[in-house]
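In the two complexes that follow, chain A is the common piece, with chain B as its partner first and chain C second.
Our next item is the complex of A and B:
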């Protein structure tokens, strides 16, 4: 048996893409399928360099439709399988992910967001929130973790496999080009040594025994004859999702108790949000910080609590209101006024957030 | 003694009679496939994927593990399964629209990569499931819902030569044939060889089956068989097109 990729704890300094490859190895991912697109390429580059030593596999497909559907196949075969993409690739990825939703397949997708619409920039954005949370024809029966640091890229890539296999919803790790390409320190660990047990996988097809004799055959479909038949299936799925949502939802918050204004942000932008809130507090402003870690499902109850306590929410994002829409839906009927700070496709600094809050607060 | 023709053993009785229209060729192709699976004794090894198209009706057709995929996407799903678990025998079952139009890039790429899977493609010269529109395989002059005056080859090209294309782009080890529902015994033989090719790990295997769609052709039994036996064969040559072995060098 090949040795464990990570033994003991280790401080490392590397790019986010390299972190994702190592995290997938540490999580016991067995096969990656992928198609080149910036800024996720190096996930494949590191994976393919590392995999022979650890007996893992890779297939470079003809496009992201195929990357998504082969990953679906890998999961059907009972393997911890994943893919990574960005931008226009994420657009194509939505078709296979709708099949994964329809069949409750635990596919893991890492998305490193780039600018949009179209080819736009290969650099950075937070413009894939709507598509990653709600893409495809369907109901968004999926989990989306939005990471902010390299440590989180490592932690949540590992966690994504467990969430996917435990709840059987396709699961996304939503990063961005800055996180992908930037170097940062973090601690590597072997999940088992941290007491993280990897949820066991099982095949859907190619199971032992003679189908129809020793066991029923697997017959998976995504087509239904009548509306009611589909509705019955969806009712169950939606009930499962609603039950799982509070268990899955994660957030980070501080200084919200007495805050007049709470900065709401996610992903790498929340680093600016966090720094700005700390600075503003020191300057005597009654501000707080709230960051959903899961964009789907959102930590709805916690967000509503904040939105009923604070007078104002300032939604800060590198998109034109994609997080904002999710926040407004979750906080519908809450008392807080919701204010925008949108810079689509562009990074946001703590200074800019500080300035915006001072502008609001006078 | 039963007077009924025996159903292949791997057919699932609970889902019979099947749901294809009377006179549809899909049932015959799946009969040939069922016989091939039985004769090779691989029912517990096969993973069957069906496309969206009338092939989708086969999602519970066999007592074999089966996944119904999306229109055109059966090739990558079966590829993904086979790559992850080389111990299974992957069969991707699709229509001509699924294989040669929306899923053409997958077919081409799986063929050039010599994926160890078997693709069975049902050529009924149009889109059956959606009500009879033109497909890449529609014959010149053939009337369909989107070529109501007949397929104009100047505007829309000639029928796709699928097996010939696959034969041209596959590396050695591939098996490529075109059978017909007018000769189920021969078709079964081709499918069997295709599966044996996968079992031997030689390479990609591909069988196109000329098939019938009386519903959309709007033909009676006699016209249906005439079309498949006499009209389709003008453009689609039945037979083995490529068998494993080194590719002959040019000029030899």
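Our next item is the complex of A and C:
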């Protein structure tokens, strides 16, 4: 038995990509499949550097379609498997992830968003929200965690494997180029030492015993002959998803009780949102902070409560309204006016959010 | 609670601004402080202006980038143009006095504009390879974000394997830090 990758708790200082590789190791991921794309590359680099020592595996494929499908294959074989991608790679990844939804496969994907559309920039954006939450031909039967700090990248990469294997929906950790490349401190830990039990994995195919005699035959489908047959399956899946959604949904909020305006942001932009709200509060503005951690499913009840209490929501994002659309759907019929602060493909600073709020509030 | 110190370092690719930012960030982290360092990066493999954003404080850092730096360091004429946007009334702007024909381009709204002959000192007194370490000394002196001993320890951590083979390199790097600090002290 190779030693545990992380023993005890340890403060470290590194890039987000390195954090993801360590988190996957700590979570007991057995294999990564991947194809290089900036700004995700170093997840693969660190994984391949670390994995021989801990007896894990890696397969580089010919593209992201293949990386997605081989990850699907790894999961079918019962492996705690993952892949990582960005931008145009995420686009290609939607086809295999759609299959993972169809077959309820607990695939884990780490996305480090870059600018779009197409090749655009290798740097940063929050423009992969729509694609990551609702991509593929299907109903978005998936879980998306949007991280904001390196500590969260570590925590939620570990959690993603458990959410995936517990609920059997493909699960995404949605980071971005800033989180991928920046360095900051965080605390490493072994999940078991924190009382986090990893949900056991099991093979979908090649189970022991005679099918139909010792066990029910395995019947994995992503093809149906008649409409009603598909509808029956999807009704069950959608019911499972609706039941799991409140258990999975997570958010972070403060100062919303008496707020006239609540800043709604996610991921790395929420760091600017948080700093701005704190500064504005000190200056006497009645503002609050709300951040969905899960973009799919959204924390709908909590968001609606805020959207009925505050007069205005200011949706701040490095995309042209991709979070905004999700928020508006969830807050449909709520009383708050929803205002935009969109900077597609560009970082947002606390100073800019402060200025925008002051402009609105006069 | 101390205020977060915001630093922008910009130079030509190869001048080593990213290493400087990384070493200072590591030193601050070793002191138990919060640090966030992010490089700009694009598709180019070389060339272009390289910018490093560094923040050091006592509480977790907010957004990775910012509007206005407390200290902005520009090491080439293109870097001067590129970094003017990060200068405000509280900013100390440091540039290399060896950059030619840049006098009219220097920011006019800074708290202080300091020209230091880092390129010249590195060439004539030390070695061009430690140019960025001189800059590191300058940043440390101007901001006092980390103690010089901790900066030296961080350099040791990063370059220790080279110093083992050639102890003179250690001496030269440490001398470079001190020279950088002196240059800023006399310019201020």
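Brief remarks on what is shown
Keep in mind that, in the parts below, the second predicted complex is superposed on the first by the 354 of 362 C-alpha atoms of A that agree within 3 Å, B and C clash if a C-alpha of one lies under 4 Å from a C-alpha of the other, contacts with A are read in each partner's own complex, and residues count from 1 in each chain.
Heads up, the rule we're going with is that a contact is a pair of C-beta atoms (placed from the backbone, for glycine too) under 8 Å apart; a residue touches a chain by one contact, two chains touch by 3 or more.
Computed from a predicted structure; not experimentally measured.
After superposition onto chain A, partners chain B and chain C are found to sit side by side with no clash. In the superposed pair of complexes, A:81 makes contact with chain B only, with no contact to chain C.
Contacts of A:240 after superposition: neither chain B nor chain C is touched. In the superposition on chain A, A:274 makes contact with chain C only, not with chain B.
In the superposition on chain A, A:221 contacts chain B only, with no contact to chain C. In the superposed pair of complexes, A:250 makes contact with neither chain B nor chain C.
In the superposition on chain A, A:96 makes contact with chain B only, while chain C stays out of contact range. Legend: residue contacts after superposition of the two complexes on their common chain; A:73 is shown touching chain B, with no touch to chain C. Looking at the shared chain after the overlay, A:205 reaches chain B, while chain C stays out of its contact range.
Counting the residues of chain A touched by each of chain B and chain C gives the higher count for B. By the touch criterion stated above, A:61 is placed in contact with chain B alone, chain C being left untouched. Once both structures are fitted on chain A, no C-alpha atom of chain B lies closer than 26 Å to one of chain C.
Within the complex, the chain A residues that touch chain B are 30-31, 33, 57, 59, 61-63, 65-66, 69-74, 76-79, 81, 95-96, 99, 103, 203-213, 217-223.
Interface of chain A with chain C (complex): residues 13, 38-39, 121-123, 149, 178, 181-185, 268-269, 271-272, 274-275, 347-352.
In the complex of the two chains, the chain C residues touching chain A come out as 22, 25-26, 29, 34-43, 60-68. By the touch criterion given at the top, residues 10, 12, 43-45, 47, 52, 56, 59-60, 62-70, 73, 76-85, 87-88, 105-106, 108-109 of chain B touch chain A in their complex.
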